[in-house]
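In this document, chain identifiers A, B, C and D correspond to the written order of the chains, with residue numbering beginning at 1 in each.
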Amino acid sequence: MTRLRIACAGLGRMGKRHAVHFAEQTPRAHLVAVSSPDETELEWAREHLGPLGVTVYKKYDDMLKHEGLQAVVVASATAVHAEQAIKAMDADMHVLCEKPLSTSVEISQSVLDAANRKPHLKILCGFSRRFDASYRDAHTKMLAGTIGRPSVIRSQTCDKLDPSGFFVAYAQFSGGIFVDCSIHDIDLALWFYSEDGKPGPMVKSVSAVGITAVEPGLRKYNDRDNAVGLVEFHDGRIAYFYASRMMAAGQEDSTEIIGTKGKLTVNTQPQINLVNVYEADGVRRELPQHYFDRFREAFVTEAREFTDCCLDDKPVPLKLEGAVQAVRIGYALQEALISGKKIVFDEEGQRVERAAL
Amino acid sequence: MTRLRIACAGLGRMGKRHAVHFAEQTPRAHLVAVSSPDETELEWAREHLGPLGVTVYKKYDDMLKHEGLQAVVVASATAVHAEQAIKAMDADMHVLCEKPLSTSVEISQSVLDAANRKPHLKILCGFSRRFDASYRDAHTKMLAGTIGRPSVIRSQTCDKLDPSGFFVAYAQFSGGIFVDCSIHDIDLALWFYSEDGKPGPMVKSVSAVGITAVEPGLRKYNDRDNAVGLVEFHDGRIAYFYASRMMAAGQEDSTEIIGTKGKLTVNTQPQINLVNVYEADGVRRELPQHYFDRFREAFVTEAREFTDCCLDDKPVPLKLEGAVQAVRIGYALQEALISGKKIVFDEEGQRVERAAL
Amino acid sequence: MTRLRIACAGLGRMGKRHAVHFAEQTPRAHLVAVSSPDETELEWAREHLGPLGVTVYKKYDDMLKHEGLQAVVVASATAVHAEQAIKAMDADMHVLCEKPLSTSVEISQSVLDAANRKPHLKILCGFSRRFDASYRDAHTKMLAGTIGRPSVIRSQTCDKLDPSGFFVAYAQFSGGIFVDCSIHDIDLALWFYSEDGKPGPMVKSVSAVGITAVEPGLRKYNDRDNAVGLVEFHDGRIAYFYASRMMAAGQEDSTEIIGTKGKLTVNTQPQINLVNVYEADGVRRELPQHYFDRFREAFVTEAREFTDCCLDDKPVPLKLEGAVQAVRIGYALQEALISGKKIVFDEEGQRVERAAL
Amino acid sequence: MTRLRIACAGLGRMGKRHAVHFAEQTPRAHLVAVSSPDETELEWAREHLGPLGVTVYKKYDDMLKHEGLQAVVVASATAVHAEQAIKAMDADMHVLCEKPLSTSVEISQSVLDAANRKPHLKILCGFSRRFDASYRDAHTKMLAGTIGRPSVIRSQTCDKLDPSGFFVAYAQFSGGIFVDCSIHDIDLALWFYSEDGKPGPMVKSVSAVGITAVEPGLRKYNDRDNAVGLVEFHDGRIAYFYASRMMAAGQEDSTEIIGTKGKLTVNTQPQINLVNVYEADGVRRELPQHYFDRFREAFVTEAREFTDCCLDDKPVPLKLEGAVQAVRIGYALQEALISGKKIVFDEEGQRVERAAL
């Protein structure tokens, strides 16, 4: 059996998981190398991946030259996603790049431009929810006409409250709550609103409000801990998004797709498993504590399907244009959140200046 | 508007509620009198019902002679249900009698015999669940063929744990957990298994097991705090019942009606209202704490429909034969629980002795 | 027992219910009169309320002169709410006025002004959700500190799809979807965000988007069939509202109150009762079909508590200032929905003009 | 990295899954061989497992001699479970044997006897629910004291209605519905009732009733399509089980563990995923269609943990004594179901004859 020789750049929280998924859960892939600039991460890799025959690199560029390498997972810091993805494409590698491509629209576009120059490569932006069984079931039902024309989407990505202050430090580089969290919801809206194989409808306007209810320190990085955004599309549909860093019970990522004949909901009753506890003060169920608790299986599916696409030369299930469009909308929402101003786009995607309104 | 002149015997926990329902929530009824042997209850009545023009009697027999009285609610201690109901019939009154008619099969039968002598009277045994909107919806769906032929019923009546010891004292007179609690579930089984207007199928056998997990004191009254019973009917259907005095979270009365083409459940996800609380340890909802919290509206509906039946000369929605059959099954279950022996009945309802098996 | 002599103006969908609630479900009230300009409604009243001794009037002004009348329910068309309420106050009557006071902010304010001139009268705007057991439980838990400081509210009022075109005709007079539907959600936000007995925080900005997914005819009345609005308050809290006329399964009015330490949800899993149906294609539960199915009990509680306030001279549970504030926000949301522009208010409640931004 | 060399006997429905799990999802295992007497299954194996380097045998005995083999999964027909397991032990192999060990108590015991002669081998009976995340969470909470002393267990294994008649043919060899289905529930009861590392309490009595609601053909094999059983244990606890072949909506395996201070439920609200569909007739969710849909992850966990136990010489998580005890109880329930008689055991596990009662 031929297996895809793949390497993983970045061994932080997400990188470790990608590496393990490709090493242990993806039968058609062979993880041959990893890289990280961080000594602690490298040590972890030597201990856990070394015995599996994985070569450990300190430098991404060195890893790229690994004998026989065919594909790269870019799971490093967001700031270097684009650069590493483009380098891999230049080296003629397939790329699975963690979201977002970049917090900048222009840089995201440059990844797309690079991909367009190498149409034989498989370039996938890792919007994990697209690989989740529940979202896929909802999408299949939508395509089957169950809900008529989907017209309104409500979607939220809400993290568990983390009193350690992690989110404040993280906000410096995350691109803000809409780019970091809502990017998933934006991608879902584009997915459910796509027609005829297009990457999704054109955005018409965005508005947003937000607060710092628990982390006033976020303000210095132009971020908020709770934010709500409205998005209009030029095809007469709307979406609204809520992102939060303040959920008491755990991760709450839920979505409603409301159509002219029905509605699909995903995870509006969150739960970590099938257990309920009956106690003196009522019935209780627990929630996933982190993003990964909820989407673990989706990440494995993503790894397997990316591998299949590379080995079998099949198109990847997400168009890269959509990933750029998602950054464009997320970036605009973040700007609207901070400026308090509504941002309007024409049908070609150009911003309409206020004076022209 | 003509209103039904009604009186209420017994002003304990249930009696008070019946009195108030007829006084305040039943527009076509006029509560004219109440009776109780208990001075505290009488005081309550003088204070709360006196201003509404209700006459307060110490003796049931005196109340029965109240000028113009047409109907009586028997909500006194179970031990006097039958005697009071029969006296009321003898006085030509309609009767709404709390369940069970009696803890004795023979005495229950004597109430039915009395009723059969006065076919113009409306005699209703108050199986409140029959008036609950959810049970009625389930029954309507069953009749519509939604689940095919109902064949297996699981039903439970489970009270909240009451550490005061109340249930031990109560067990002296309750007839035991199957007669006191499961009688409701038995009645439901008879209702869902009835065909062609019959009061329900004939019982073929009963078996039971039980324990005293929290109240060993119940043993001296031949009772248990948790019990499970199996019932076979001669028409090839079965039912199984669970009764408990040990629920931590609140009242849990739930039912499943399993048919050849589907299943109906009632209250398998108990909740007191539509609120969920998300906290650090999960999502929590509260439960009804007592029987009345769950069935409050059903009691009001019962009062109104009984009144309508009396005033409009319509048949009551439950056949009294069924109430006697329910006591027969409950009594046999209780006996099986204590003796550890299976009890078998022939198709005429006669017990088949062990030797004959 | 002294009973409140009350009359009901308007006998449409809501008026009939109010009349029946006061006549049959409110022991301390005595419905003595009703009025309607509509002959069909009058006929209904003669048939159903006549036997209860209720006098039926064609003219509101005549009804106001009914001997001994003490209070009036204004349940007529929204266009005459304010006028009738003010007339009743001038006649020294207590008033329970259906929501909204008016679709106009100024006229709503005139009702408040009239009330302020007669402080001895009980004037209640009928925000029925305030009387719903689930919302009250949530509010009580919020006050107890269960969720920390409530900071974000999501609330929706979504009607079942009615393909008859009713909503198009109705839109001419309703004030638009935000004034007609979201007014409830706005009131809830004011309620949960109130502190120290104030009627709620001051609005800082509103933004909105909407579409006509199923009823393009709504556009000629400046209305939409789906709309989402964002509201910022000057105290650093936000709320977002969704209103729709397009729910396939039934009425879906749900609310989340998100605080710094937890979250309360009301009706995020809607259901008409406790029945689940298991069939070949899954498990199904049904929903309330209309607003009244969901809030029937709340309307009865409202009638009883209003009666108690009048008879016992207690303050009504909602401040009338809040009802005016709710119209102000709803009206601004509707304007933002149609104009596409964000509307900003200063801390005194004055609109800040665009030039000043 | 050293990997466990394992082979799989039987390539039917379950065997295929075990083979794939060990081949693709168990990083520390190396599936080296499979065997099946069935030509179609062998063909499947040559096509799907051949490319992975797996040797395909027609004869179990030949497979046992595969060079370097260390462990065997017995996933063949129940009738040969015991024989193959014992042969593997004789060949000094670790064994993961599908449940039940046998439909006969004596033969089950012979497997245990063989295992006791080879204490250095890891012998695991594959009760998959023990490896399910939800059941494990419930068990952990129970051990933590969350529900006090577990005293009553309700558990059911209910298959989706299969109108093909499969279950009739299957009944010839399955041992009957209690041995085939309820064996899982019995094992769960033993697990939750175990103390001090014992394999579970001693059974005191069993009773059962059942019907053939949809498959009268089952009677000729002494089986039923719906059955309910009661089990008493000598330590004063009880359990009751429901098994069915008639669920309309899908697989419904749910469990309640009721303790003196609370209750744990597992899967009392079954669902295949997190999607809800809102349509004109209500809100619908889908169910797992088959046992494997529900427990897929548990099987993978089972494969990994068994591998770890073999490689790291750790005790397997289930005592084999319990598996024999489960067959004993299941067999007795089946006998009680057919004979209609209660079966009683003394504290040493010997049946007490009727005459002795």
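Just so we're on the same page, contacts are C-beta pairs under 8 Å (C-beta built on N, C-alpha and C of every residue); 3 or more make two chains touch, one makes a residue touch a chain.
Owing to the predicted nature of the structure, the values given are computational and were not obtained by experimental measurement.
S.K.: If you tally the C-beta contacts for A-B and for A-D, which one comes out higher?
M.R.: More C-beta contacts join the chains of A-D.
S.K.: Between B-D, C-D or B-C, which shows the same interface as A-C, counting it as a repeat when over half of the contact pairs match?
M.R.: Most of the A-C contacts reappear at B-D.
S.K.: Taking each chain's centre as the mean of its CA atoms, which one is farthest from the centre of subunit D?
M.R.: The chain lying farthest from subunit D is C.
S.K.: How many Å are there between the centre of subunit A and the centre of subunit B, using C-alpha atoms for each centre?
M.R.: 57
S.K.: Distance-wise, how many Å sit between the C-alpha centres of subunit A and subunit D, to the nearest whole number?
M.R.: 39
S.K.: Return the residues of subunit B touching two or more other chains; collapse runs of consecutive numbers into ranges.
M.R.: 147, 247-249, 261-263, 268-269, 277-280, 286
S.K.: Based on the touch definition given at the start, go ahead and assign the chain network to line, ring, star, complete or other.
M.R.: Per interface graph, the chains form a complete graph.
S.K.: Give the list of subunit D residues in touch with subunit B in this complex.
M.R.: So the residues of subunit D touching subunit B come out as 147, 149, 151-152, 154, 205, 207-211, 213-214, 226, 228, 230-232, 236-238, 240, 242, 244, 246-249, 258, 260-263, 268-269, 340-342.
S.K.: If we count contacts the way the header does, which residues on subunit A are in touch with subunit D in the complex?
M.R.: Those residues of subunit A that touch subunit D are 1, 23-25, 27, 51-52, 133-134, 137-138, 141, 146-147, 261-269, 272-280, 286.
S.K.: Flag every residue of subunit A that touches subunit B in the complex, lowest number first.
M.R.: 247-250, 252, 270-271, 277-287
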